[in-house]
């Protein structure tokens, strides 16, 4: 039922079942007169496309976005931008046997309880495919956040972890792990998973730089709270932490205060101008065994979730930036009173 | 600026600086004809009151709630309920020296950047005292969620952890740790903290039972997303996880699927009727050193945050329940089509 | 900037410039399992299509709707429904000369001030063409409001008025005037307008029957307030009244109270179960003179606005019905306390 | 159930039954660092107080506002402002006989249907007394709208009308009619009403000057739509029109275009920088006969509704101004692209 919108001033509304006609997004609240580029948007979508790497599903999705509104002669009009992607490569026949079976760990059963009906050909709205619409929303958000830089990478897959600090912007390699050796190990591990009908979870780290101080509201709409909602709305995301996160449970106050990086770029839930650091845990996909060996599912979603994480962060910050900008003139003029 | 409301149908709006005249909450969307009791509400508030235990601040707050509207002859009217608590025991004089100093890790600096002004006598809206209003909102939410039970407890303080599974409802002891031996150790540890001008963080576990299947929306307003926002809006909360959370990063799909408890009571972000389990990390308070030794600050907020965690969960579920109830008649009648 | 959504639980979000690729709507919050029909929807759109009658613009729009999501095998899924209509028949060339000219009474100038850019090929979002999306939203709303009946008709065009009471459901004739003689006179009047480069305004009356008592909220979201917003959001609508409306300014209390029809189906802004009656004033189109004689503009929008008025009313009532339904179970069970 | 909030960025939430402990408002989204004054606010409230003139109810309300939060040392903090007014002068005993009787034209019956319970001592939330909270919200809104001026007056009571154009700012006299002769006639008429147990309706005209061009959103949140909702949310308001309103139904396009005042200060629903003109119809109070002769009810609410009309307009414009300001920096910088 309702619940397909995110944001107050920069608001995206997504639609589309994984095996329906098309899916897409409306971006309402985009500033006007900002140059955008269809090819650039297409490249952003390719970042989350399957079929690009051997560790992914064998499905190929050449998701060509089509801008239906809100852009004129290469510039935003300030009106709602609708972008759709047609579902051209869905082999519905494959899924017919799923009509009356609910896959554990998927939304099949809960969707049926909630709505009394579902499009059994796929995951419907709960499909990872829905995240395409978020990446589109993130593309436009980044276009208005010219001072900010979003950098997400995989810091853990199954037992493989990055232990060192990675500088923002380090090349992320073929599967979004900014470490060559670890990349090899993980590729090998995921190939094994695929062969064995297994799947793997992991952790994504997100760093955001260039965020001005003062974003986020003092109570419920704290920046950390809105980011937490944004991230937990991503399928398979099961954990969120800010700065040193769960590790801070064991730290004394003197230790926490010794390095402002522990705070992750916020104080009182409001950005303090420093680097924002988030960690996000994702569970292993629930499709395992025979079904997984068929090859149309990812053994691990983390490589492809990276642009989605960046997009949701950009959308959240675009919204909070506009909310703060609303008071810009007042803040400036009232200082002199 | 705006951002003091939480929820769509069951919506709370809070107000009040820690050292202002009063603080309080408006609860809009409460069902009518539900019996409520001022004494019961007062007891709920006492659960988060300081000054009850030697490990807490020496400040005493006898927070007597006053219901200004929405209740008539002991029953809710269905109209907005406003409850206020007067700030009677604020010794503003103590805080005057803080006028031009920003405490690290607090919202002092970010508030000043954001608003260009602040009530320097205390933490303003970022004060833990604001959470009083949330506990009031949670009291009413629980009154309408008669099938559900909320049970939060401390599972870790600094280096002290609970390793066993705690049954929902186990007595929580004097500082909300449901283990007598650990309680003694933590009390001793926190007394030392207080003496040494130190502070401690920890982890809260929340279990919710009796949640009907089908709550939560498929995309952005997933139940896990709304709960994440609710929890990260609590001061000092720096981490959120669902079910087995960050531990799932290392688990293979077969392991995750072996026990539905790993999912934490949701599939596809929608409640599946099983127990909901959340873990929440809190950082140590930033007030340390000489200031902490003065005794008007908690060395650890976890004992007092327990009712706040339960309240925010209840508010979130009340909202999602009403959102689902809106379709109840349709679901029932359309099944027969 | 944002502002393209309407409704809380039943929420439509529209997009599309009049001369862009396509326009459409997302309907979020539609109940599941409701049968819908593409042909039926197409017929509803034809009700507002131009080119059907000699008093209209010469432009022809064969607006074929395409359902992209939210419907599966003829039934709603409960997920967001996206419907688009491609803009196939826009002769952009005709409009190039308008690039630097602002038409008085149109949104050209205010759009430019607001956004600093506009799609000069047409009215953009302010075009009457945007109302297509509303009619689509209304089609689905009516599908869930099976007890209600919406009946709008023209009660005045320029100097021609209907003085008698029209029964809900009376045939409305070729231009939505439920009186044959008046229809002839108005057709003749509008032909003259067209020839003379003139345009005409008028009044629409809307009657809604079958509305259950209890819809609307007591304070800001009164049913009359939400309906007023819905109607004034329609282009060219300049007046709204409920029941006997402005005529009540001259009536004494005894007169008002003598017949409950004066109240228009609400008391305290909440539906009382009786017929809801609204009057809506529309101004004459601002395109006059040489431009109007070219024939691509309607001399009077009232005949085509009828389905738009009904649609906006249905959308408003769908939203208020769901908001009230959210409390249905509570109301029923609490009565017994 | 929910519905007690108005606005997106400048949002007021009101609470309080007419005969409960207190009523009040939370203003969330007020800019910081703006000087406000309790005495000035008190004077604004007195503008709508009864008992000031012989044509009013005999009840006296000395409504002393109390600011609980959001203001520090005479300046706004940018945090939610809560202002309450205690209900000190309610003689509940008078109303006990109303417990089981529903007054026609009042919200008694619809409230009972909607909620299954009501505070029978008065009108509850539907009471005119709720408008106190709106006037408080309007006071703060006006404080941030320094360029704008709001001027409402009575243009009609029963058969008595103002036929000439009244300049914005003309003194409004003792009952808000800016014409001395008409004032005498209306006072006499209303005294007769009171004696005869009758009541009267009328029309309020609102003029707003100093509104910058560009406020209002293109589609649903048009400025005229938000103002219509604001006004129709006022008790007894049954009609709204913009500019020449219903009179435009009879005007040809050439006539409408001949004078931009007909448009009432908007084009395409967006402010064009000219004077905004609204007309609002109010019905006669439903309390008539013996009950009315007792003297605790106004025979006509128009004199007291004037500050409420201005307040709702100011709240609407404050919200739309902030929404537009959110894009201010973008508009300025993107112009140079």
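First chain written, first letter: the chains are A, B, C and D, and each begins at residue 1.
The definition used in the following text is that a residue touches a chain if its C-beta (ideal position, glycine included) is under 8 Å from a C-beta of that chain, and two chains touch if they have at least 3 such contacts.
Keep in mind it's a predicted model, so treat the numbers as computed, not measured.
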Outermost chain relative to chain A, judged by CA means, is D
Counting C-beta pairs in contact, which chain pair has more, B-C or A-C?
A-C
Between chain A and chain C, what distance separates the C-alpha centroids? Give it in angstrom.
38
With chain centres defined as C-alpha means, what is the inter-centre distance between chain C and chain D in Å?
27
Between chain B and chain C, the Cα-mean centres are separated in Å by 45
Listed in rising order, chain A residues that touch 2 or more other chains are 1-5, 8-9, 14, 31-33, 78-79, 114-116, 124-125, 218, 323, 326-327, 331, 334-335
Which bits of chain D are touching chain A when the two form their complex?
8-9, 31-35, 78-79, 144, 218, 322-323, 325-331, 334-335, 337
Chain D contacts chain B in the complex at 1-5, 8-11, 13-17, 20-24, 26, 28-29, 31-33, 66-70, 72, 75-82, 84, 114-119, 124-125
Which stretch or stretches of chain A touch chain B in the complex?
1-6, 14, 104-111, 113-116, 123-126, 130, 156, 158-159, 193, 198-203, 213-214, 216-222, 224-233, 235, 237-246, 248-257, 260, 262-264, 266-272, 279, 281-289, 292, 299, 323-324, 326-327, 331, 334-335
